[in-house]
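In what comes next, chain A is part of two complexes: it sits with chain B in the first one and with chain C in the second one.
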Partner chain A sequence: MNMKKAATLALGILTSVGGFFDVGAIATSAQAGALFRYQLLWALALGTILVVFLVEMSGRFAAVTRQALPDAIRQQFGFTSWLVPFAVLTLIHFLTLGAEIGGICFALHLLTGLRVSFWALPVAALVWLFLWRSTFSAIENSTALLGLITLAFVVAAWRYHPPMGQVLAGLLPSLPHHEPARYWYIAVGLLGAVISPYLFYFYSSGAVEDEWDESYVGVNRGVAAIGMGFGSVISVGAIVVAAVVLAPRGIQVDDYHQAALMLTQVFPFWGFALFAVSMGIACLGAAVELSLAMAYTQAQTFGWNWGEDLDPREDARFCLTYTVAILAAALLILFGVDPLKLTLLSMAINAAVLPFVALPFLLLMNDRKLLGKHANGWISNSVTILTLVVAIVLAAVSIPLMFLGG
Partner chain B sequence: MRSSISQGAPLFGALALAASLCFACASKSPGEKLLDAAQPAASWIATLRMTGERWNANSVPASFVRATVDKARDELAGVAEEAKKSPVPAEVKLPLQRLMTEARAAGAGLERAVKAGDRPAVARQVDRLAALAGELAAWQAGQEGRAP
Partner chain C sequence: MKKKLPDELELARDLLDKQVVDRDETKMGRVDGLVLELREGKPPRVDHLEMGSSVLARRLGPRIERWVSAFRQRIGVQKAGRYRVPWEKVQEIVPYQVKLDVKVDETPAFAWEHWLRDHVIAHIPRGLKGKTD
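On to the complex of A and B.
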């Protein structure tokens, strides 16, 4: 492996770790730890396995075919077949973008004391300016490297010396002792937070932007497996901290104010600011990536020019898409939608719609005419199908439960 | 035909389970529903208590205490309202309504003490919240014993 590829691998791993944590991970991990201690770690482990496979597959596809996923799905299956996954993706991208903008606003609310809704438009302007002025690699590397601050959750968890037996036992699925509806809903939320479809659609467009070719297949495998694997350790850290700090006091996380107390015990003087900054940076990185993911999907669906490194005059519709998306998502927060409820709803929908957005992708990955020797083998297919089935069954059970019965 | 049914079986099974659980949730008695509604109240009282403790340890700013108290008071008022509307006997719901009123007052006291920078007063409100948490736990235990 030459120096350039080694550097790409190292940077890719660091950015995957730093970029792993976002508002969905914060909300679902805090809720899971506070209510069920270590019992839902299995959902996180399951989600991590699936996301490693999906991200590896999307990077491999882009490296071999030099095409992003929406582009390829539309070309292979036709525009009409792509419409349903496209509509579903656009909806969940939009809701998740709203949740991420809400997360940044909440972080600023913690730091300044000003209302969450006050920050909606300034935050939208900040995200937009970041996209308008930056190149793809600057966006990808800066926010994700700054996101390494979220490792604070791992340090905190380590300092609490959690009972390793209980932590390991949590990796095996078990039935809840109380609040079954909420248990399954949070399990689905954890899965949805880890396997946000924007991740692998964004990743494939990013690989095209970075001009990956077939020689990057090994680098891609390392980034997906090591980066995503270690990234999920941050979520484990958040679950452990919530289990140690909030659960014994009987504090559930029904609001982000409750989650904000998580680090104040282990880091008494700067834990509060650390939580706010971690949340703000993690959500900023995700909001920027989501805005780009929306613009990529629209542009690749309708065959427009696209590319974050292009001058806005060359891809005006691409830039207009993320501009409108950011503004519309910020309006949700401006008009008082609860950021935590929006986050949990988005994460549950993420898990529920996975089959719609992952199945066309899976079919594509088995096309030997397109991918030749790089097409999926039985291991990738089996793991992906199995975890997708688990996700849809859990979503089919928990979402009606929360809305109708819970 | 057989294969399509067997492929759909997990999904139908899941939906059937969801429907039966929904039915189970919907058929809860008023007492059980009130018990469920009281759970977030216990969580908010614990949150107020920890917020006061962390402010006394210089770990959170006064603006955070104010925002948390505002949110907690709204939530506690919601539980009190639910108790008021509940068809359970007065001897069950009145103690819960009283606890919610006292918890909101303790929250307001905490906010005033923080605004005044009065650490001993904050500690007193934290103790008051701890006592209320104990009373609420006793009320919940009593209702659990009463539930069919």
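On to the complex of A and C.
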């Protein structure tokens, strides 16, 4: 394998740091561990399997057709069919971007003691400057490298020596002993946090930015598995830590402040700061990824020139899309929207729209005229359809249940 | 320049909504519409491709077309909202794009792009990206 192909792992890790282990995963993992200890690990495992397959598929699609997903979806299904999903996705991306910016602001609030809303505009400026000035590979490499700090959750989980029997038992779904509505709602939240639609738009556009061709099909498989595996292991770490630290004290995580206690036992002196920095970096990765996903989707839908490596004068509309998106999303936080509530809301919506994102995608992946011999085989199809059915049933049952039950 | 076109083309599947690039591979829009010429006693012929917001709006219905048109008249940089590409300019059709034998800067397709570049982007200090200066 040559160096260029080995370096594509950075795209996988970036996608994972931003798309997998983000503000949603932190919030839902903390809640899952605090309320149900290891019992919800199965939801994470289910989400991981689905996300590995879907990410692999979107990378393979981009490598073979040289098209990212929004581009291909508009072409294959037509402008009028794409318009409504496009509008819905733009709204979800916007809310999730707000949640991620809120996550960075919260991390800075933990470190400085200044109010969350105070940080909204400085954080927006930071995210924007990162995108405005950096090339795609600089963003990939720096975020992938910084993202390694989130391994703190895995180290902490390891040091706590969790009961392995219970951890493994959690990988199999079981019925809750208490608060069933919360249990299923958090299960759906975990799925929504893990499988966010923007992941696929971002990853496939990234593959086009990195100029993948058919020879990347094999590398892509490894990148998807290792990259998403990385995010999954960290989320497992976060659930375990929450189970050990928060659950025995009856801390329920209605507020990010409670989640911040997670690392203070293993790292007494700097656990608090470590949590804040991990959270800040994970959310920064996600904010960058979301802003780009929004700009990619917008530009590809209308055929504008796009590319993170271009001089902004060559793709003015692309750059202005992420500029406006970042500013508007930061306003949510500036005007005092609660970051945790915004996160949980966007995770639930993410899970609810999942079928509408995945089904057209599955159709594309089975189109032999587009993909030839690289079209989906029966393994990809059956794994995706099976996990998808489980996700749909969960979402259909739990979301109304939660709103009815309060 | 030699043209590179497939022997057979399904208009809706292989042409409509496809990415359009110019001679230098700059992405300039998408095939938003296709116009056929109906000929007496002969099969219809593709006369031109259409690109632009008014073409898209028309696909969504007459009311949306009126709204978009009114909006464009008020603040529009490109008042027509439509760019017609004669079939003769189609240079190459491959699965992922349609290449035109034009230079995008000389077409109305980049009216907004250029307006934003000159009125907004030009005023923000740029980073280290891009080769040109």
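We take it that the second predicted complex is superposed on the first by the 388 of 406 C-alpha atoms of A that agree within 3 Å, B and C clash if a C-alpha of one lies under 4 Å from a C-alpha of the other, contacts with A are read in each partner's own complex, and residues count from 1 in each chain.
Here is the rule we go by: a residue touches a chain if its C-beta (ideal position, glycine included) is under 8 Å from a C-beta of that chain, and two chains touch if they have at least 3 such contacts.
Not measured: the values here are computed from a predicted model.
By the touch criterion stated above, A:T65 is placed in contact with chain C alone, chain B being left untouched. Once the two complexes are laid over each other on the shared chain, residue contacts for A:D309 go to chain C alone; chain B is not touched. In the superposition on chain A, A:K373 makes contact with neither chain B nor chain C. Judged by the touch definition given at the top, the superposed model places A:H161 against neither chain B nor chain C. In the overlay built on the shared chain, the residue A:H177 is in contact with neither chain B nor chain C.
Put simply, chain C touches chain A in their complex at residues 12-13, 16-20, 26-30, 32, 51, 56, 59-60, 95-96, 112-114, 116-117, 120-122, 124, 126-132. Residue ranges of chain B in contact with chain A, taken from their complex: 10-11, 13-15, 17-19, 21-26, 39-40, 42-44, 46-47, 49-51, 54, 57-61, 63-64, 66-68, 71, 75, 133. Against chain B, the residues of chain A that register as touching in their complex are 109-110, 112-113, 180-181, 249-252, 254-255, 257-258, 260-261, 264-265, 268-269, 271-272, 389, 392-394, 396-398, 400-401, 404-406. By the touch criterion given at the top, residues 65-67, 71, 74-76, 78-80, 83, 132-135, 299-300, 302-306, 309-317, 319-320, 370 of chain A touch chain C in their complex.
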